[in-house]
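Okay, so subunit A shows up in both of these, paired with subunit B first and subunit C after.
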Partner chain A sequence: MIKNLLQGEKKVFMTGNEVIAWAAIAAKADIMYGYPITPQNEIMHYWTRMAPKAGKKFLQTEDELSAGFTTIGGVLAGKRAFTGTAGPGNTLMQEPVSMAEMMRLPMVIVIQQRGGPSTATVIYSQQETNLTCYGGNGEGLRVVYSTATHQDLFDYTIKAFNTAWKYRFPTFVLADGYQAKMRESLTMYDPKDRGIDMVPVEPILGKPGVPGIDRSPTHIRNTYNTEEELYDVIMSIAQDYEKFAPEIIEYDEQNINDAEIIIISHGVVSRAAYGAMLELREQGYKVGYFRPITLRPFPAKQLFNRARQAKMLIVVESALGQLAKLVKDAIYGCATPIENLSKPGVGIISEEIVERVKTLLKGGHFNVS
Partner chain B sequence: MSVEPKMPKCWRKESKPHKFCPGCGHGLALKALGMAIDELGIQDKVVFGCDIGCSLLAWDFFDVDIVQTHHGRTTPVITGLKRANPDLIGIAYMGDGGGYAIGSQHLVNAATRNEKITAILVNNTNYGMTGGQMAPTTLPNQKTETSPYGRSIEETGYPTQGPEMVAAIARDEAYAARGTVANMRQLKGFFKKALQNQIDGNGFSFVEVLSTCPTNWRTDAKGTWKYLEEEMTKFFKVGEFKTPAAKGEQS
Partner chain C sequence: MSNLIKIALAGEGGQGVQAVAEIITEAAHEDGREALYIPNFGVEQRGGVSIAFVQISSDQIRAPKFQKGDIVIALSERAIIRTKQYVDQNTIFVYDKSITNVEYLPQNAKYVLGIPAVEISKTELHPRVFNVVILGAVVKATGVISEQDAKNALEKKLGHKFEQDSNLRELNYKALQRGMELVEKVI
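Here is the complex of A and B:
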């Protein structure tokens, strides 16, 4: 018997990977395809325990290429299909994602970032930011939600399915090993109880009727013969992306109106940044907080307008300048100096950020009141 | 007045004449497949996936739904589709490079998992689309663009024996055969059995098709046919390697 596993609101205390499995159930996901890689594994572990009770499916594939391409097959059959991976698995995942980009296939991918490059650590990093935003041989025409809390993991995993199926772009939930493995409290809910309708899904291939008789056959491809043909396809996808971007873009900003220093961060690091901002405010510094929630599309205009009113920006990340690149690209033309606190593959606590900001101020480079 | 050649019912007339080179065996393989689909009456259920390489030219070949995928990745796309909707009949159509080289892990694992799909692999002993490089199926001493002095078995091994491998690793419910475009009636029969095996929900089915590539072989009509019938069959035995035991019968 198929059970509705999630009824009503429920306050829970669990790991991030478990949250994602629950969120996929809540989002009415139909099937998960996956390949083991740390720190993503428990998404599969929880999914495989719950899925049969909810009439849902799972396939363990031979590698991440297969996990990605079978997810595409699930999407083509008209199902909410998803996969999860990390690190070197994310590298392989970029091949199927590039196909999904070209063919507008609404696949959902959860990334639990681990150290890089190569095998590195199984623990934590924000070093898959570039890859997740711009991987593959294309233009990065995908949506990337960077989560910071377990509540985010639940909310944005549900949202990822709706964004993917509404706009027909591959959609990532970008988290990390800390979020995957730590326990934290959150409220789980059935989306419909909060007025969130799941965007309906439909078969892309295999619709009813005899093709060529009852209906036209659906023929979809990613190969083109001429430069002009490809150009028209890419520009049409890019145009849609630009058109939908304002509806998709999300960000958070706090104490920003009078901020002379803006701390910019994403994902779990933004929690340390938020704490640092509050502490510095208490000490009298005019510090603000800006967090892009969507890294693709990036809240460029929103950040530009804030950045040009500030006297200093500090980009804080567990990578060596990957968020900083996105920021520089977004605020091109803004003369406000950019400083960094970059710790590739290493966690960051608020005290470090406070100290870094104070050191920068003591250095006297900036005329900050 | 010309007489139109008889085409399978499920062929898409608007995309004919097809895009393959003159003398290419793909058209024949796809004719046998079209006849098999017609005779089984499954046009409304088939989803056809084609690979990269010459097989991608089949992307609009049939009046059935078609997805053209990446090199070697047709097997997982069709696997994912079939897993999500078992009512569909999934066909993964690929070349020897796609199935035996870049996508060999997918073929092996689909076979061992006994995926309920039908994989068809066209063997023309070389990478045709990219200009005739050595493939896993290239015959010993065969000259290609990347084995210009002939394939050295010491350096690069023997031709891959695909259906034999599938037969060795797959479950009893699987089907594995090798046909040839030189025997269309037999090839159509293999395709029908392979598809029937999927329809019956038995398991994985795999058909390799010996095919021709006069463009890259640099052969005339006579030489092409001689290579197909005499040279290729020295290494690639035509026939069935695994047939599922019918329910209630001894295998």
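Here is the complex of A and C:
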């Protein structure tokens, strides 16, 4: 008996991992594949608790390589399939994700970042930014949504399935251990009540009919014999990626029009950055806020246009320059100085950002009013 | 965000600080306010100091953790050592009087309050409602939720047990009451 577990809008208070499981139910996901790793375990726990009631399935695999490849198997069979992992599991996951990039497979992966490198902490970081954006032996042709709130977790988990199936690129929801474990409120809803249609899924392999007679054969490959052949394939994938990027790119900016200083951050850190911006504004500083929501594709033009009008940029992140690298790449040619507040593996609060901005201004390096 | 209240609760595993945090934030959420609760968690499965970070506000809450708490509650000696870093001159620091070694108590807090919650729950009530005594202390010290909200939250969390044994409801309410009195006395 398949039950519709989500009826109407509902304000709830729960952990982020629970939110993701609910969002996957709301998105009509069919199956989750996974291997346990903190801090994403409870996505699996909640999913396995709810999935049978909703007529959905779960498979625990022997490791993350397998979780990724079985997710691909589910996708090939035409199922809305997803997986979740973190840290060293994300490292292993890059192998199947590379295959999905090459074959244009709509796999969905939720990442709850923990400290790194290696086992490090099970708690929190933003150190999987590089890996999630550009991991694997390829060109980073995937979509990465970086969430900041439980509402984001719900909204973007649903959206990830649609982005993946519409554009046929592997799609990540990039969160972290704080978001996984904390409780806060959000509104859950059935996507169709908000006019969000789920992009239909279909078998990619094993379609009905005889290949070559009833339908053209499906031939998806990750192996090529010649350099030229590979080149053509990659350039065509990259071209699609460039073409779709403007439709996919999302960002948030606040108080940016007259900003002399722009605080750039992503994910959970942007909550503190927003608070810092408000406080500095109250004290009379012309500070703006820029948050890329998609890290891949990155809102490069949008940031470039803002950055060149500012006098100073400050990149704030719980990693040692991983977001800064994306920012520098995006705004190449812009002469505005870039400063940092980098705390790898550690949370950042508004007060620290306020203090850092003030210290930079006191240093007198920047002529701001 | 002047109405933001930041609470850190710390104790030994099993003392129930996470449950207190859950009850307070659930109650605030039910009351229509923004609440955020995050436990600390590490690789250890048991035996470590357990800390809960709680924030309640009328506006959206920013970073999940904070540098300094408005109220910091430490229920063991190790918890005192771990939570000193969250104390400044605006913090009310509450510890349990059963901790005899007071050399680690913070010197910079606004108030340092020792309350005999362990003893009272043992002698007057039941050791299992120790954390409800603590809940009462937090409710009184912060005013962050009303007594009635706390009761409703207890009902929500333990209602199925109260159904089986109505004495439990009495016991929990009494524990809440006693916790509130303990703080009232010292403030």
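Assume the second predicted complex is superposed on the first by the 361 of 369 C-alpha atoms of A that agree within 3 Å, B and C clash if a C-alpha of one lies under 4 Å from a C-alpha of the other, contacts with A are read in each partner's own complex, and residues count from 1 in each chain.
In the analysis below, a contact is a pair of C-beta atoms (placed from the backbone, for glycine too) under 8 Å apart; a residue touches a chain by one contact, two chains touch by 3 or more.
No experiment lies behind these values; they were computed from the predicted model shown.
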Tell me the contact category for A:349 with respect to subunit B and subunit C: first, second, both or neither. second
Which chain makes contact with more of the residues of subunit A, subunit B or else subunit C? B
Touch test for A:183: subunit B only (first), subunit C only (second), both, or neither? second
Figure out whether A:87 sits in contact with subunit B (first) or subunit C (second), or with both, or with neither. neither
Give one of first, second, both or neither to describe whether A:206 is in contact with subunit B, with subunit C, with both, or with none. first
Output check: A:39 vs subunit B and subunit C. Expected answer is one of first, second, both, neither. What do you get? second
Is A:121 touching anything from subunit B or subunit C once the two structures are fitted on A? First, second, both or neither. second
So in the superposed three-chain picture, is A:13 touching just subunit B, just subunit C, both, or none of them (first/second/both/neither)? second
Quick one: classify A:275 as touching subunit B (first), subunit C (second), both or neither. second
Subunit B and subunit C footprints on subunit A meet at residues none
Considering the complex alone, what residue numbers of subunit B touch subunit A? 10, 12, 43-45, 47, 52, 56, 59-60, 62-70, 73, 76-85, 87-88, 105-106, 108-109
Along subunit A, where are the residues that touch subunit B in the complex? 30-31, 33, 57, 59, 61-63, 65-66, 69-74, 76-79, 81, 95-96, 99, 203, 205-214, 217-223
Taking the touch rule as given, give the residues of subunit A at its contact with subunit C in the complex, in rising order. 13, 38-39, 121-123, 149, 177-178, 181-185, 268-269, 271-272, 274-275, 347-352
Which residues of subunit C touch subunit A once you look at their complex with the stated criterion? 1, 22, 25-26, 29, 34-43, 60-67
